[in-house]
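You will see two complexes here that share chain A, one where it goes with chain B and one where it goes with chain C.
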Partner chain A sequence: MSHGKNERSFVRLTKSQRIQHVILFVSTGLLILTGFMLMGERWVIDMFGSAGNEIFYWRGIIHRVAGVAVTLVCLYHLGYVFLQEEGRSWIKDMLPRMSDATHASQNVSYMLGFRETRPKMERFTYMEKIEYFSVYFGMFIVIVTGIMMWTEQYWPKFWLDIADAFHLGEATLAALAIIIGHIFSVHYNPHVYPMNKAFIDGKISESMMKEEHGLWYEREMERLAAEEAAAAASGGGRNNA
Partner chain B sequence: MTNNYSEDNPRMKTKHTTRNIAVALCLSIAFLMLLIPTAALAVDDENCLMCHKYAGLGRYAKNEEQKAIKRIFYVNEELFRASFHGKLRCKSCHSGVEEIPHTDVKQVDCATDCHLNDPSTGRDFSHKSIVDDLKKSAHGADGAKSPELIKDLPTCKDCHTNKPYQLGVDEEVESMRFIKVCLECHESEAWTNRFYKHMFYRAHTRRSSKQVVALCSQCHANKEKMDRHDIDVVIGFKDTFHAKAILYGAEDVANCLNCHAPYQMGFSPHRILSRTDSSSPIHPNNKLDNCRQAGCHADAQEAFASKGKAHPSNVIVERVDEDGIVISQEEQKFQAWVLNMIELFYKILIVVVVGGLGFHRLADLYATHRERKIAFRAAKSGRHPS
Partner chain C sequence: MHNHHADMSPFKRLLVDLLMASIFILLAAFALWLIWITFFRATFDSGLITVNNQTELEQIATGAGVSREHFHNIDQAVLEGAESTSLCLKCHGNYPHSKAPDVRAFLNAHAFFTACETCHIKPAESDNIVYKWLDKKTGAELNKLEGNPGSYGAMIVSIKIEEDGTSRRLDESADRQFIEEYLALRATFNADQQAEAKFRIHKDISQKPIFCDECHMQNGLLDFRSLLYPPVIANRLETGEVATMITRYNEFYLPTMFDPTSKTRGHNNRPDE
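And now, the complex of A and B:
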């Protein structure tokens, strides 16, 4: 699984996507931390001692600021996938297809040892698609219930209780899914340990691309070949002139 | 005869010296007494401390529930003099103690006139009006359903003890500076000190919200006791945002008293009313004003104060208030059901999602392990794996 230094690499994440991701994970991290501070047991909270009140105040401020940041980045992302060329190609490749189900079953049988090879997968694997759309589902719930609780004076108390229950449930689910799903796949996965650097430099190595996104690799190769051919053709044309 | 007392009489000279020594002795004793702290000099004209100053004074007894308790009758004079009631004579509260051994001791009644002059009226001071208020309140004997239940009700001493005035170091320094100003006019330093500390204590909240919650919880979190009185046991408060903030030490969120006995709405902890009482701050008619008071939820709308409980409880008892508004059991049951369903939904979702993800990751690790084994064997046998 060696990825040579001089190996060819391809663009996995563009600058805009990387910036969106940084805003998303920094604010989500803060939201999880400051949110679950409300669920702490008494003996944990007592450890803050006399600084507790101050900490509680800043907890609230940070949670709100991070909440606004995450909402804005989500709204930006919606605009991005509908209005920008780059975003449209992203969402086009991200949409679930029948082939994803085939890939899932083939990959699971491979992992369990019933198949000789991994299936060749697209630009986004079925797992990545699940993770991506889970964020839509989760964000919708936490943003709506978060706004409800921020504007509590206009809502019946029972609705707020419901919002609270959804906010907590969704946050717990998201925190666990991020830790067990995402962190494991991009950090503790032996293929990429200690981390998949794509979120920093946006690059994927050729060997990794071949291994994990075989169909995308082939598609890209065809495109490059076609481009080269076109360039050669137009270049030839110029020479002739 | 007159010569007998002449100055050169040697006998008379001796007598004179004796008298001088006696005077000097008296003066020096008087001077030494000035050096002894005032507490030791305080007049115990009832002479109670003759016995009660001994630290071993006490006995074992049984309480109402037939449990052995230790009763201590020792009084530390210095601590008592520094306490809220330190200026009172023992018998002001412990009335009727005339016989020794004491067989005629009555229960202390805080409504007694205590022979202290109330400077605001000039009459004897008494806690009677507060005792009367308490009697009429939800905690009072007037509303008790049966005589046996009366002993469950809180008495003055359940919330109040006669503690010494205690100021923090900063407060003490500040008060020493301040009392100097008072002493420009007021003569008695002891009186000024006591008066200042009294005002200081009254001007500051002595119980933190955490302590208030702990105090009320002593009874209201006791399901057995609350069941006896047909009241919902309070179990939901600890999960509210208010409770979390209080745990962190915040004092600007509501504790029990801020909603159940808001001073801003003319209530006091001694005048807490049942929620079925139409003038109670937590009665449906007054809830909105209650939420809006003291600038807490100043712009709360009608909906905010209706439909839902401030701190839901799992014990649901149907009640009808005096205006005939049913505090509905069905609605509460439905609300509890909805919230439980949401929790269940997420529990299932978490098990499925986390289980699925965990399974996938473990399977992936298993596959990697296999791949590595194959690669290792291939390397050993000198073949390239692919």
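And now, the complex of A and C:
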């Protein structure tokens, strides 16, 4: 916990998590850009003129480099959530629970105006959990099919056509999920507009934590109170000695 | 709840709002485009379709919108004929490739604008061969490509430059008169005589033709730039989607259910025709 200019803030993302996120969003952005160039409108491609071949040559290289980067960060993340204490805490809090269904229904009621207050939610809300595990699903699809298309000489056309359809379909879904589900809900969120800086400084303000992660906030407060009490007790002990 | 946006000066807030609005519009447009290409963009060129607001009955009554051409989709090779002067086509027809069902469409499409000898008479390494577009009717060399791809009214012809500087088409056979006589009289020949004549007629034909990837490659047999293609198209023909497609189709996959002629799949489809 730290104190900002006006209010306290808490650690939302650690340095390791922020670095993983930066690699993920930069490489995913490049993958979306260079991937959907293949679906580009003819008149746009014609605008490249004689440079088109060169541009599309580099498009292929950049797409593959970004693909390797995203694969490596995914593999690292798997190791992170299973092998590191910090990662295990992350995945433990991220696992779906029955309370998520309750929070989902309460939150929908709140947004529809049937409920006065937003439900108190955990460190990760049901929406964040869905988004997080969707990335696992999506990455599995695009990485496997991407490797298949990269090694096309080893595959029958039948499987390549399936890989192509899955790769494009999942990429479209992921791009729409990132744009509509992630960027708009995270950065255009009125609480943090124009930008949620958590991905840079890793911090969440006390007020936002209270509003969006009420249960997590209460737990943190209890933990801090217990720590302070323990510190006071040990400090008092020394004084008595 | 604390909001940094509220702490900004009005001017800075306006700039941030403009920037965020621009990003919003850009991302929304991209999202809409993704939805468009996924669900709505047609796989064909909609510009080719003539919009007719008449009902079907009205069209029948007026005759509007009813094609006056052949019911089936007849391509130009049939309408125009591949090459009237070629002796080969007198026997083999406008669609000379029929043995390999998986790739014959590709080969026959090429026959429309590629003279038979270009692929079927393999020049010796010492031969000085140039490839030119020659007008189908006049035989004159083209100096510009005009028209739809492949439909230039001309064919790619292999021409041998002799040591004395004279040139001749590779299919110009000294046996031309013999071939014409044979064609006129072949009904009167018995099987042995026909076989003997065919052997003589085909003596210059290479047993294995020039395959696609011998031309559709960098520094291949055909120099697409000297064949008047713009550099972008030439690159595409030798490195881009054409060369990639050939690599993919070299082992052509077609589900068995669509192939009534073959019981086993996975054979190499390099044509022997």
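One rule holds in what follows: the second predicted complex is superposed on the first by the 236 of 241 C-alpha atoms of A that agree within 3 Å, B and C clash if a C-alpha of one lies under 4 Å from a C-alpha of the other, contacts with A are read in each partner's own complex, and residues count from 1 in each chain.
To be clear about the criterion, a contact is a pair of C-beta atoms (placed from the backbone, for glycine too) under 8 Å apart; a residue touches a chain by one contact, two chains touch by 3 or more.
For clarity, every value in this text was computed on a predicted model and none was experimentally measured.
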item: Overlay on chain A: chain C relative to chain B, clash or fit; value: clash
item: Which superposed partner A:Val22 touches (first chain B, second chain C, both, neither); value: neither
item: Contacts of A:Leu38 with chain B and chain C, given as first, second, both or neither; value: first
item: More chain A residues in contact - chain B or chain C; value: B
item: Which superposed partner A:Tyr193 touches (first chain B, second chain C, both, neither); value: second
item: Contacts of A:Ser207 with chain B and chain C, given as first, second, both or neither; value: second
item: Chain B versus chain C as contact partner of A:Val11, first or second or both or neither; value: neither
item: Which of chain B and chain C A:Tyr110 touches, first, second, both or neither; value: first
item: Touching partner for A:Ser185 - first (chain B), second (chain C), both, neither; value: first
item: Which superposed partner A:Phe158 touches (first chain B, second chain C, both, neither); value: both
item: Contacts of A:Leu72 with chain B and chain C, given as first, second, both or neither; value: neither
item: Location of chain B clashes with chain C - one stretch out of 129-137, 183-191, 345-353 or 363-371; value: 129-137
item: Chain B and chain C contact sites that coincide on chain A, given as residue numbers; value: 50, 52-53, 56, 152-153, 156-158, 160, 169, 172, 176, 180, 184, 190-191
item: Chain C to chain A touching residues, read off their complex; value: 1-5, 16-17, 19-20, 24, 27-28, 30-31, 34-35, 37-38, 231-232, 235-236, 239-240, 247-249, 251-253, 255
item: In the complex with chain B, residue positions of chain A that touch it; value: 38, 42, 45-46, 48, 50, 52-53, 55-57, 108, 110-113, 127, 134, 152-162, 165-166, 169-170, 172-173, 176-177, 180-181, 184-185, 189-191
item: Parts of chain A lying in touch with chain C, wherever the complex brings them together; value: 6-7, 36, 39, 49-50, 52-53, 56, 152-153, 156-158, 160, 169, 172, 175-176, 179-180, 183-184, 188, 190-194, 205, 207-208, 211
item: Contact footprint of chain A on chain B as seen in their complex; value: 241, 244-245, 247-251, 297, 299-301, 303-310, 312, 335, 338-339, 342-343, 345-346, 349-350, 353-354, 357-358, 360-361, 363-368, 370
